[in-house]
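Heads up, the next two complexes both have subunit A, just with different partners, subunit B and then subunit C.
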Partner chain A sequence: MATTTALRPKQRARAAHSFARPRRSPLLTALTGLILIYSLVPLAWLVINSTKSQESLLSSFGLWFGDGFSLFSNIKDTFTYNDGIFLRWFANTLLYVVVGAGGATILAVMGGYALAKFDFPGKKGVFAVVLGAVAVPGTALAVPTFLMFSKMGITDTPWAVIIPSLISPFGLYLMWTFATDATPTELMEAAKVDGASELRTFFQVCLPMLAPGIVTVLLFSMVATWNNYFLPLIMLKDPDWYPLTVGLNSWSQQALTAGGDVIFNLVITGSLLTILPLIAAFLLLQRFWQSGLSAGSVKE
Partner chain B sequence: MNTKHGRLLRAVAVSVVAALALAACGGSDGDKSSSTGGAADVKAALKKGGTITVWAWEPTLTKVVKDFEAEHKNVTVKLVNAGTGNDQYTALQNAIKAGKGVPDVAQIEYYALPQFSLAKSVADVSSYGASGLDKTFTPGPWASVQQSGGIYGLPMDSGPMALFYNKTVFDKYKVAVPKTWDEYVDAARKIHAADPKAYIANDAGDAGFTTSLIWQAGGQPFKVDGDKVKIDLSDAGSKRFADTWQKLLDEKLLAPTPSWSDGWYKGLADGDIATLTIGAWMPANLESGVKAGAGKWRVAPMPQWEAGANATSENGGSSLAIPTASKNKALAYAFMDYATAGQGAQTRVDAGAFPATTKQISDPAFVDKKSAYFGGQEINKVLAASAADVVKGWSYLPFQVYANSIFNDTVGKAYVSKTKLADGLADWQKKSATYGDQQGFTVN
Partner chain C sequence: MVATGSVVAPADKVAASSRHYRRSWAGWGFLAPFAVVFALVFLAPIAYSIYLSLFQDRLIGGNSFVGADNYKQALQDPAFWESVRRVALFLVVQVPIMLFLALLAALAIDGGRLYGASLFRIAIFLPYAVPAVVATLMWGFMYGSQFGLIGSINDSLGLSLPDPLGPKWVLASIGNIVTWEFVGYNMLIFYSALRVIPASLYEAAAIDGASEFRIIRAIKLPAIRGALVIATIFSIIGSFQLFNEPNILHYVAKNAINTQYTPNMYAYSLSFSGQQYNYSATIAIIMGLLTMVIAYTVQLRGMRKAL
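Here is the complex of A and B:
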């Protein structure tokens, strides 16, 4: 992988405009700029407005700071409101991400590897099922899953969120394609000739080579689980098990009802705090993510 | 209690409810034996103790639950906020359909109660002692929980309507506080002419508000007799409302801000929305959500359709009801009775809720209370008077939750396009009737 991309600019060095030194296009630059603004404005809005109190939130211009700087008191209130329920939601989200997204990654890696490297009857059928599953949005399955889970008696428990999160058809498909390219069959055969068992070949020889793919799948399922809203909304009724998404929405809905305590400022600050871990995860794992993405799409 | 939700979510919710309501018609598998109990059972259940689950979003119940548990040490009440309004109804229908995870007590708004009571999803609680409570509650809410001789819930709060207005705006532009809806239209013109950013009110199309105004105008567009339903959204009351409101729409005198949005709270705070014709539960929301409005707002009686009259209607408000699938109805009733008719009623009024009980609403400590937010005005005098003047004979559809969900797609057009309000109402009637027929009712 790394060597082939490094070669590319050299191969095209004679061309006037290369991959490394592309032709300038004002139109494309403007378009990219627009998209950049489009994606950054909500973020800027969030940061700016998390510094406002509930009162100045309604009395100041949305895209600029109001009077007073209440970020720290907002953060303090977010963590302490309603006996610190925000921290509980934070812990729940972490639990769902670690067990759900972590489990989904492990399953996808093992399944994808097996599908890429072993031949068995019915493989085409599995392929069709996985591809079909990629096409079905999770939201569409939420209600049937709810009815099924409630027959099993596990709605309103963390399992109701974790179990569906364990399944990631897209992750499986990505690992499948990735493993096909990234783990040379020759190398696996060499390992076996040297006396390594199937398990040892997988864990010690192939797994390190799959690392970029694993990180990609991990990030994908982390984001999906972290942002999961509709599934926990349907499954959970007990606020003690809410993830942040559903919890923040319940705070926001306090404004919709008679006698409700209106806390838009805490909803905004809470949202800011909610996206920080995701931003951190992206910055730390960015390199892997990029190479993993291209590995999934480029057929070498 | 009005609620606004994302349209998409609402559409999803409604289709789920619809599907489940259909399915629910098919089977009847609840054990009927447990549904008949008496007052003695309630006492026995309290003695025995146990755990009940309550689904409610009303914030004042938290304290009520604590007090109740302190008084009855062997009873545990799990108070769960399963969503506000529609979200909770969807969850409740889901649970009823699945037959598992059904709460023992659920908060249900008056407009939505017939949908649950007619399907027998909530139990008739007359025999537990509710039939002896007819002097306990104010007439409006008490009528709202009854359906063909049964009592399907206990009123928790009420929303007799009044005109909340921003006095500073009216003073600034020297506009008199309107006493009739015609004066209201005039006031709307004056305010908007004086400040193009200011409107007399916001209205982006709100089913609850529209039906409340038709109610006040003497309309009875929904009539229910068993499974025979009559919808007539062109009766005299509905027409009266449509004619007046059409003027406000034609002259663009209403701010297109949806209620309960952040823009709405902003408008209420900075004077761009000068009045609110809304239920008596509003003061608590103004105090918590519109802090900047302190000292500016006042309460006046609802504008009248005929000068000198004093007709009002209810807007929002909810009951507590016991789902038929509850396994512990007697204990559930004990809590419900405590929360609505017992000590809980006072606790909730102290926390800012508007009472549905005659005792609290006529209590001098309540009526004569001066509100600092409203510049020292004794607002409860106006609000309690409104509760006594609610026009009788109103009923909601047994599928009002669905009907309200399609309000924006029908009547709502009049707010955003050239469609006339009367045509919108006719369309609403047609689509609601079609749905009613599909649900097994005989409509019109």
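Here is the complex of A and C:
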């Protein structure tokens, strides 16, 4: 419901401009529907199989329900298995997301604003350096970062995961393009004439106009942090600091080691519980992030 | 002539400053927090990597400067080149398929001819919110011929589909996971670029009686060229850094995916199970350079066509 209401003004604006609204096409809907089905089938698989017990997982058809409905016992087992380590991983993930993605958003918004609205020495080099640095493989950074952090004594602590999460080159790029259009230079000049300082201009004049872009960057850095696997994998040895991703994979691997407890039903249910918060965030906030991504549309 | 030139110059400067706010150091003040952390987690490790790649840690003689020796070794390392070939193959097959599907979906949703367009937009995007770990575990289960979908289909239809986790198909299976994860993300990048095309262009096209395909070719695609270039660059970088999916599948497909399957996995296993930090750093630097060269080439070509 939220989608249609959010979209309607834009559609109306567009329909008023263009001559006739194009006719809807069942054929095109069906073809695009194939991509839709492709996107949703694995998620359906996950939901269906989270209702199966470990035995029923092996005996029933993958895309249909098995005997018995074990979703609630699976959820209970997921949360209580191994003294509730899953909850601990959940809390860790929240910590990394709040501090890491929150910080990344603040840095990207300020940096993007600077690149969009100021002309300063060395600016041209900044994007080249950022893009060049992004091209270096994660391992190129991971190994030396790990060695550096272990000399600083912060491996196996939350800081080792949080500090690298503070940089979002994509967020910087997005805020840069967004702020270029969203904050009129004339308005900033006017604030300046009225005697506002740079900081005041930023916080009181520009920040409100940047809001859709900020939500967008926040959401995307949340996803990046929530989904991060490689970085915590190398930085953390102590399972007590694992985020959900590394934890779930350790459960999955445990089944493959000899004598390990086979808990694929908990891996599946845990996976479902891991993605629900993000999907909920995207669905609830879609009005903001979608206008953030396409906010340039006001500029005509 | 000289006099006119100097008169024109300030006017140019005024024009430039109306786009940007003002030439000053204040910009650095806002950029500084990003720059400091960036230097710590990107530039310092890169510098350290370069340093590591020029040294060797030997049992006898300890840490010593070896110049380009590590690089020579890497360039003659068949395992390294095989992994590079693999991600290059992945790049030329998977990235075009993914971007093409994403572009199709974006054009279809933007074109206003779909029933329930907003449902399509959000649903196709949803897989992006799924962590690579969960996506890989999920697809890994489905690929499994024991209790996966493939197994179920084989059992119920009496087929014997090839094992998606066998050596022959596993790269395609990884490509499928990555495509699934990122189609919606790229679709969204294209879609938001399409939304900012001014309506006046469409009006002009409508007056000219341009067909839908002509509008796509003459207006929409040129207008989103920047987004296409950016999406391509990010996809190239992503392909060369392929790690999560093969690394997780490696545990269920041990004979199809070894620890040197991609350059990133090779570098990872060199340093974390082999303790060969210097050689690992060398591999990573070479891959970084390779990625940069290709990314910049794409960017330059994309920009030149735009002019």
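Basically, the second predicted complex is superposed on the first by the 255 of 300 C-alpha atoms of A that agree within 3 Å, B and C clash if a C-alpha of one lies under 4 Å from a C-alpha of the other, contacts with A are read in each partner's own complex, and residues count from 1 in each chain.
Throughout what follows, a residue touches a chain if its C-beta (ideal position, glycine included) is under 8 Å from a C-beta of that chain, and two chains touch if they have at least 3 such contacts.
On a predicted model such as this, the values are computed, not experimentally measured, just so you know.
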| item | value |
| --- | --- |
| First, second, both or neither for A:121, with subunit B first and subunit C second | second |
| Which superposed partner A:151 touches (first subunit B, second subunit C, both, neither) | first |
| Chain touching more of subunit A, residue-wise (subunit B, subunit C) | C |
| First (subunit B), second (subunit C), both or neither touched by A:42 | second |
| Touching partner for A:234 - first (subunit B), second (subunit C), both, neither | both |
| Touching partner for A:58 - first (subunit B), second (subunit C), both, neither | both |
| First, second, both or neither for A:143, with subunit B first and subunit C second | both |
| Partner chain(s) touched by A:264 [first = subunit B, second = subunit C, both, neither] | both |
| Partner chain(s) touched by A:253 [first = subunit B, second = subunit C, both, neither] | both |
| Interface residues of subunit A shared between complexes with subunit B and subunit C | 57-59, 143, 147, 234, 253, 256, 264 |
| Touching residues on subunit A, where the partner in the complex is subunit B | 54-55, 57-59, 143, 146-147, 150-151, 153, 155-156, 233-234, 237-239, 250, 253-262, 264 |
| Of all residues in subunit B, those that touch subunit A in their complex | 1-5, 16, 55, 57-60, 78, 80-85, 87, 91, 94-95, 97-101, 157, 159, 260, 262, 265-266, 269-270, 279, 281-282, 284-285, 288-292, 316, 351-354 |
| Touching residues (chain side subunit C, partner subunit A) in the complex | 16-31, 33-35, 37-38, 40-46, 48-49, 52, 101, 104-105, 108-109, 111-116, 118-135, 137-139, 141-142, 146-149, 151-152, 156, 180, 183-184, 188-189, 191-192, 195-196, 198-200, 202-203, 206, 212, 230, 233-234, 237, 240-241, 243-244, 248, 251-252, 263-264, 267-268, 271-272, 277, 280-281, 283-285, 287-288, 291-292, 295 |
| Residue numbers on subunit A that touch subunit C, as the complex places them | 3-4, 7, 10-11, 14, 17-26, 28-29, 31-33, 35-36, 38-40, 42-43, 45-46, 49, 57-59, 61-63, 106-108, 110-111, 113-115, 117-123, 126, 129-145, 147-148, 163-164, 166-167, 170, 172-173, 185, 188-189, 198, 202, 223, 226-227, 229-230, 234, 244-246, 248-249, 252-253, 256, 264, 267-268, 271, 274-275, 278-279, 281-283, 286, 290, 293-294, 296-297, 299-300 |
